[in-house]
């Protein structure tokens, strides 16, 4: 593998620093892009074997996901909830925890936000929206924070407890929405009472995408700063590497784990609140939309890097957005998109093995010929 | 199928040559121009379109439209009731030039379809099951549904004759009006045979949950229930499990008799092709589409499966007599004196709710004789 | 149909019957995953393999008329998926958890894609052994109508429990799972052992899927699995990588799952969502009670990424 790389040692010394700068950063861009191309190539073989035209497929994917202003907005709308959902996985991952139950925090965050919005009906909208956001974050934060606490203080495995708690959260939501919180007028779709129009979150000016996209991007940036630029992030990385070593250094591992998990859950809860305030207008069973599970995939594809979550979520959103067009124009079932996602993501995840293998991306090795 | 493929191919070639989406171009045209010779109709399903149940019934209706001249049908399945369905509608309108959209799941109505209807006033939206109300909802939207409770009433008559234990059972998804009306109709049908019959209901809580539906069916049979029907998206599991345990079954959504030829009594089926064809005929003719459409057995919105061998002579006679009564129109399954299963009066003596009574569409009770609870 | 009114006895009977009926997929998936995880690899993709197995088994049974050929075909595809997972994860820096999640999409997607023509036809069911003949109560007879795969699963649990302790193969898997370095020092190739363990795990998961489509609930549809595969992987951690524990956990899960419908059938009708959450609540409570810092992960393979 290493032989593939060229050795640009003949370049002028003046150019080299710039080149080195580019080379060091190119790896994280070139490898995923190459992986996407390879994944698409494999998928086009699958499509061709079925007697359909890969060229048409890619044309449709482009047009459905990215090719027009409408398609871009479609993609971004679908990407928005994935940003916060993925953070629910990426933050605990910094401590070495695998949390897969973000769905539960999303659902409960949505219910809490709807309950607050209905309860405070009549209060100033700014205040209510703020409190709804806070309520969603608290509900989600408690849920995943508890997962962290169980992990640290009772040594209960966080993967299984978060999954179990997600199912419990969904049951709680259903019980509340069909019981005490139900609006009788919601008829065949049991829901809470609707939020007043003033408490809804609208679209970003000039776009047909709700504010959840901006909130998600900001949350990703804040999380990146937290992880990369603060001492808590640094401490979390140490604790994620080795809990004992962290304890020896005097780090408060318990509060760190619970804090990171709670923040992760808070982001997921906020996603639920946005779903209620920007899309549904009330809390109902559609909060269980699988965003929590899609978020796991996004986080792993982003290699748990909060900034990388943004492009990955957009990619996933784009595939979802174009999936409909593929169904409609090529008469292929919805499962086609699942197969494409599976192939594409397996190849992208597999491509991680190539990091550090190409000399062209590592200027330190250039001189050695 | 092949024709459609060729057509889309050609569209695509044109598109890339012209540099602008032809689909988008048609959608800019005023509604009247689009409907002149041909029309694109969009169908959106909440589950897989071959689920042997709810979604398949709609897809079979859509399939009939495909054979019509000048009609292009575009379909999307497994579309969740989130921003996804809004974008799907928008994409059908923007990219495929759909001028009539059928979102077929109840949860698509509010807020999703209403939001898109406001955004695309030239496109017609007709929704399955919603309560369209004049003045409250935009005029380019509407809703259609069938009085399938009538079918469940007839199912109940079949069940009332077949049951020996006087206990019949209902596997239901959620306690919502459309389901409650079916449960109540099923029991009232059975009680028209024998007023001592009770109906045990089990809610599974989800529209499609195979293992839980099987468990619910087993639990019913364990409690001596010997005739079972259901209201879940895909009745296949309930029908097969019940028949496997030796209970009789009444079908729902579609004809499931091939799954249990010996134990299938009859079933209440959708006949959406009629409804969809009515809309599209009007669309092509340039006539306004109705906003609030309802119909039952008499209108061909609903039909009954052929009798199975378990139907006794007495059952057939009463079934046919009642069916004839229903076909005349104005038949009331719900009439006083009627109490709910908490003892409150829901229909006073002499009070009757014919099938067209809109109150029935917000039913929130189980009638006396149904063992179960709405929350 | 004969019938006997059993009233409230229906609840314990349903739990027993449910434990037997519903547990089998959990048994096979969790035993398969135990083998995989004991070798130091985790395969979260068993849900996808289970779904693909359910489809394959049903399709083959429809086409050949033999449910057992269906099971065989399912296990072959499951092994192929498992080997694929094992092969891809052997490359450095490839994250086995993430690949598993992608595999879940891939397996389910392929199953839904190729399963379309098999939703309508009926396939022959796997046979059951009537062990309730001693009773004249039909409900008891029904509950004790035990599928052959359940019995095989139970026997497999006992066998694996014994084999991990007493056979050379069991020892090899355990050594590789606990420390790659130690395994290499013993002249073992950890990658090969993990590859095979993942393959076996996949084959067993697919048999779990075959049970779903060919016996209970006994039909192929896209909703045939409601996450049994993923849950079973989690149950392995709950069972602390002990095959007998997996069997017990699967029974517990199946039995608790029968509680919701059974209670409604005897007239306890309020709050059924919470009863439906019983398996999850019960599992969580037991985990919390039996864990404590220090001894919780006893039995955890040292090389496992999820518990490191």
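Each chain carries a letter (A, B and C) given by its place in the written order, and its residues are counted from 1.
Here is the rule we go by: a residue touches a chain if its C-beta (ideal position, glycine included) is under 8 Å from a C-beta of that chain, and two chains touch if they have at least 3 such contacts.
Fair warning: this is a prediction, and the values are worked out from it, not measured in the lab.
A.B. asks: Report back the single chain whose CA centre is most distant from the CA centre of chain A.
C.D. replies: Relative to chain A, the chain whose C-alpha centre sits farthest away is B.
A.B. asks: More C-beta pairs touching across which pair, A-B or B-C?
C.D. replies: B-C
A.B. asks: Just give me the whole-number Å value for how far the CA centre of chain A lies from that of chain C.
C.D. replies: Inter-chain centre distance comes to 29 Å.
A.B. asks: Please tell me the distance, in whole Å, between the geometric centres of chain B and chain C computed from their C-alpha atoms.
C.D. replies: 35
A.B. asks: By residue number and range, which residues of chain C touch two or more other chains?
C.D. replies: In chain C, residues 112, 116, 273, 276 touch at least two other chains, as defined above.
A.B. asks: Can you pull out the residues of chain B that are in contact with at least two other chains?
C.D. replies: Expected reply: 48, 205, 375.
A.B. asks: Which residues does chain A have that touch at least 2 chains other than itself?
C.D. replies: Touching at least two other chains: 174, 178-179, 333-334.
A.B. asks: Please give the residue numbers of chain A that touch chain B in the complex, ascending.
C.D. replies: Contact set of chain A toward chain B: 53, 56, 59-60, 63-64, 68, 70-71, 74, 77-78, 174, 178-179, 182, 184-185, 187-190, 210, 275, 279-281, 284-286, 289-290, 320-321, 324-325, 327-331, 333-334.
A.B. asks: Contact residues on chain A for chain C in the complex?
C.D. replies: For this pair, the touching residues of chain A are 96, 98, 150, 153-157, 159-161, 163-165, 167-168, 171-172, 174-175, 178-179, 296-297, 300-301, 333-343, 345-346, 349-350, 352-353, 355.
A.B. asks: With touch defined as at the start, can you tell me which chain C residues reach chain B in the complex?
C.D. replies: These residues of chain C touch chain B: 1, 3-7, 10, 13-14, 17-18, 21-22, 112, 116, 119-120, 122, 139, 142-143, 212, 216-219, 221-226, 228, 257-258, 260-262, 264-267, 269-270, 272-273, 276.
A.B. asks: Where on chain B does chain C make contact in their complex?
C.D. replies: 47-48, 50-52, 164-165, 200-205, 208-216, 218-226, 234, 236-237, 240-241, 244-247, 258-259, 371-373, 375
A.B. asks: Which stretch or stretches of chain B touch chain A in the complex?
C.D. replies: 1, 4-5, 8-9, 12, 16, 21, 24, 48, 74-84, 86-88, 90-92, 94-96, 106-107, 109-111, 129, 131, 174-178, 205, 361-362, 364, 375
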